[in-house]
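Next, two complexes with chain A in common: one pairs it with chain B, the other with chain C.
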Partner chain A sequence: MPGHDRRPRATAAAVTRHAVLILTVFGMLFPMLWALSASFKPGSDVYGASPLPMPATLENYRYALGEFPVARLLLNTFVTAAGVTVLHLAAGLLAAWSFVRFAHRGQRVVLGLVTVALVVPPQALIIPHFLMVARLGQRDTFVGLIVPQLATCALAVLLLREHIRAIPPTLIGAATLDGATHAETLRRVVLPLLRGALGAVAIVVFITTWNEYLWPVLVAPSPEHTTIQVGLQMFETQEGPEHGPLLAAAMLATMPVVAVYFLASRRIADAFLQSGLR
Partner chain B sequence: MFTGVLSLLEWDLTSPDRSFVGLDNYRRLAEEPEFPHALTRTGLYVLAMLPFATVVPMALAVMLWKRPGRASDTYRSLLFLPVVLAPVATALAWRFILDPLGGVVNLTLGGLGLPEQDWLGDPDTALWAISLITAGKFVALNMLLYGAALASLDGRALDAARVDGATEWEITRHLVVPQLTGTTVLMSFLCVVFAGQWTFTNIAVLTQGGPDNSTDNAYLRLYTYAFVFFDAGTGAAAAVAIVVLLTVLFAVSAPLRRRHARP
Partner chain C sequence: MTSMTSTPPTPLTTGPVAGSPDAAPAPGGVTFDGVVKRYGGQTVLDVARLDVPHRSFTVVVGPSGCGKSTGLRVVAGLETPDSGRVRIGGTDVTDTPPGRRGVSMVFQDFALYPHLTVEQNIAFGLRLEAKHNRRAGPDKAEIAQRVTDACAMLGLAELRRRRPSQLSGGERQRVGLARAIVRRPRVLLLDEPLSALDAQLRQHARAELVRLHRELGNTVILVTHDQLEALSMGTNLVVMNAGRVAQTGVPADVYQRPADTFVATFVGSPTMNLHDVEPRPHPAGGELVGPGIRAVVAGAGLPRRVRLGWRAGDGVLETPTGVSPASERPTDEAPTGPGLTLEGLIDVVEFTGESTVIHCVGPAGGWRASVGSGVAVPAVGERVRLRVEPDKLHLFDTATGLRLADPAGPVAEPVPSLGGVRPDGV
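== the complex of A and B ==
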């Protein structure tokens, strides 16, 4: 085929491709972008049709941060997400390690149960979790908020188990031969090798917990402990149709995660991929 | 386990007064219209989102995979954003643009001379609006999973076809898409499992199941039984019913998934 007639067609195809992709990106992000823009608009034209905030103002953000405990809610969210992440890593690592290191006959059954736990929807567990937390007097505390969210750690266990199994047994055997205890082997040999997998688990768990809505709304509805996702709704019921500050608060609720995402988008996407494929 | 025991009791969550009622809670679930209705609506959500869990992300992933490079990486990271965006913030943004009076969607439609709609307030459109809002997350995550499947395809067969003069479209149609069948089966299955869970937040924030229960789903029903009506037993029975349904689905679909599993 003569080269001169291929070129223009290839260009046309490339233009179409970019057009389709740009439109899709735009379509998927449009509500967020529009809300972001509107959050900078002064109260009177929040609903205006202008795509850019003209004139732009920080009034909504000042109001949201000043009149409502948005900063406190963000801190609560961070504490909760960090707590859940650390516990997930600890429980996941220890469980995975014992699965590999202390293999026993009941192994398959226990592993099967863990796999079942993976597909049980968290919403199906809220009633017993709620009751336990209420009985233990841990409603509206960080303990009540954080600990039951460990129920989803099956994923961490299975993922880390795969990674520990990939470590050559001779390496662990060598450590044992050198007189290392289990704890030492785990800390000095296994942990450094698992850094990538642990990072992936941490990323996914942190983001998921940051965005969690159902559990905080049930168990810790007060502003002292609840997370920003629930706070947004509180904000809304108290403010009625005052939409500017609400949008500003919504942007504050999601921007920390977005900022982190843009710093390491490749790594974060990979983390979701690993955990998604199990 | 505890859920299973609870489902046999009649109990309002807080009082010491509870009694064993056997299977009454299950009978109530099946006989009163709410729960079957919620299951039907959940099925509709699944149907509405199925294309966004399969065809759309597949097309996007193939487009990005065909031309690797900076531009594709940028598109990919932007398209993945809905997965990390806070669902409550996303829902509020949607409600803002769908506002029946001043939302930009209706302003635009009005400007074009098209009929305006109360998208979330009309029983005929609310379920579809919620589905579309939730679909973004499916597109984003599944695009990534399709991308991973594409990356592990055997490039030699594709090159051979190219040498034989097959067009890119033919290669996609006859070589690439068939090899993605396993992924598509898996994505459809995950769509069934996650449709109810992922719509939950959007429903809770945007419509609370209304108008006229048109946006109800199985999980919202469970939540309503337990924490709005304080009827722990029926709520737990709903939870058990959902898990049993999912397990049956999992078992029934096992041969299908195995047949298409990638070697």
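== the complex of A and C ==
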């Protein structure tokens, strides 16, 4: 804030601005915080108006983990999200590398198609994917759950391509002259330089897959393979909804993703800013 | 063997090349045979024949976009020519992968691996070699020894654990050099290695490179757009223009007997003065006359239009300071003797330290002369007369730009060889 005479007015503006921001953040966080608080409330207190759980109990968590296969569902979700992430990185890296290193005449067309794939909503692919998986006999398997989700790897391809293009070509030339094969250049020179971008792609893909609902509910609805997002509906039992344990399970489903995001949000922002893609 | 032929043939190839063109060159010589490289529809490189002698320090010079860097990348194998063959040490390497040509390169931006330390950068190629060829490749002890030697040679011993981002420009250049020489290449390629350095460091690095070449004793090819580097560093000079080789030879030869007007004006600073003149018969051979310019030369059979060139440093001022134009009268007899006489008014005087460059204007157009710092320089606006000895004159065909027979008479003997380069064929 430069200038002494301006200071009071600037402060007033800042106060107003911050008040608006705080209210907005509170509005967004309130349901989350209420759910978090309620998940620690005993029995029918879940419906109570008290903002804090009094007394706090882990009963809901114990019940959710004991009576429902929540642990198994979390494991399924982790396997699915990790599998999809690894496939995205592998396919994205190889495709991006070949786009940059083995540029050819049809490049523009192929690149255009990849870009189009980015724009196609994944929901539009659900039916063809489902038919393919069903006819291959892969319903209710991890293969059927994971592999079709590779169809959305265009983002990884384009983002990594931008990052590989930013590597000076002389660096690749130096590796080539040092006798490195294509694979060695990729592994020993390109890969270490792409760490930030790969991390960003991994986090985005992991979070997206973790939160995916439509595809798992269709292709793998059984508790052995389905994800936590789908599994939460089990709490709508025939005796009525178990809201306390449901909230506890929902918290368990959300926390890993929130943690990952808080640890890495800076890195994601950097990777997207550097690449010029947004 | 220093020889070159390019299309169209230039008058450089005055005689047959010693030995047949296919005589086995020494192990590190590089030969281009009809090498053509096109990008899109544009031909960026078209070299009918170029021999880089074994153990020479060859400097390739030319304006930007003349194909010199492309040529270097073709030697390295980073670019594949559209036609023609590249030979290193007599072996056709056109289809050999870059890593197996015995060639290493220092890039303009040094291209150090940013995620590796100095010693990891230097050892990178050796480690790969050890991995690819477990039996014949270097073992761990040998790699360590060679990296230590390379570091010692280039004064990097203290910096081995640093990363490229922690190094200055000069240090990075030395790491790039160490990485290139540690693999003991037959041919060391340097792509404008000095352009990223500041002026002071550049002069030091020039001397370092020349010394390094002497110690290594391999073939070095350096690409530059700086004509000073071209003249001062190499034992062999290749001048390129528009994708073609304009001239090759010992730097002093190229400087003293440029093959065409392009080489004449590109090599040397200040650039050569050129004047269009008309030849007339003269008892001594021929008389070249233009507005405000007159020269008598020994050569006969000159074409109808001739471009006359002389270097700024070869002119001798005939009008000392303070002599009024009227008193010049007696010296008017001078033009009858052999050589060039030229008049002009001093327009700009540039003091450069060792010498003074005077820019003059006259009926013959603008021209520049360089006089030693000890010589008193006339003031701006004064009229001066300048003489150039006949053996310092260069004649070119105005139509083709190619060099004509030497104005002083019979063709001069080639300059004695430098650094083991025989200037035969030049």
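The criterion applied here is as follows: the second predicted complex is superposed on the first by the 254 of 278 C-alpha atoms of A that agree within 3 Å, B and C clash if a C-alpha of one lies under 4 Å from a C-alpha of the other, contacts with A are read in each partner's own complex, and residues count from 1 in each chain.
The criterion applied here is as follows: a contact is a pair of C-beta atoms (placed from the backbone, for glycine too) under 8 Å apart; a residue touches a chain by one contact, two chains touch by 3 or more.
All figures in this text were calculated on a predicted structure; none of them were measured in a lab.
Upon superposition of the two complexes on chain A, no clash is found between chain B and chain C, which fit side by side. With both complexes placed on chain A, chain A has more residues touched by B than by the other of chain B and chain C.
In the superposed pair of complexes, A:P192 makes contact with chain C only, with no contact to chain B. In the overlay built on the shared chain, the residue A:D178 is in contact with chain C alone; chain B does not reach it.
Contacts of A:E67 after superposition on the shared chain: neither chain B nor chain C is touched.
In the superposition on chain A, A:E224 makes contact with neither chain B nor chain C. Judged by the touch definition given at the top, the superposed model places A:T170 against chain C, while chain B stays out of reach.
Taking the Cα centre of chain A as vertex, the centres of chain B and chain C in the superposed model span 100°, given to the nearest 10. The overlay of the two complexes leaves chain B and chain C separated by a minimum Cα distance of 26 Å. Across the two superposed structures, the residue set of chain A contacted by chain B and also by chain C is empty. Residues 2-3, 6, 13-14, 60, 63-64, 67, 71, 73, 75-90, 92-94, 96-97, 99, 101-104, 107-108, 111, 136, 139-141, 144-145, 148, 193, 196-197, 200-201, 204-205, 219, 222-223, 226-227, 232, 235-236, 239-240, 242-243, 246-247, 250 of chain B are the ones that touch chain A when the two sit in their complex. Every residue of chain A that touches chain C in the complex is listed here, in rising order: 168, 170-171, 173-180, 184, 188-189, 192-193. Those residues of chain A lying in contact with chain B across their complex are 14, 17-18, 20-21, 24-25, 28-32, 34-35, 38, 47, 49, 119-128, 130-131, 134, 207, 210-211, 213-214, 217-218, 228-230, 232-233, 236, 243, 246-247, 250-251, 253-254, 257-258, 261-262, 265-266, 268-269, 272-273, 276-277. Within the complex formed with chain A, the residues of chain C that make contact are 73, 76-78, 98-100, 103-105, 107-109, 111-115, 124-125, 128-129, 132, 179, 183.
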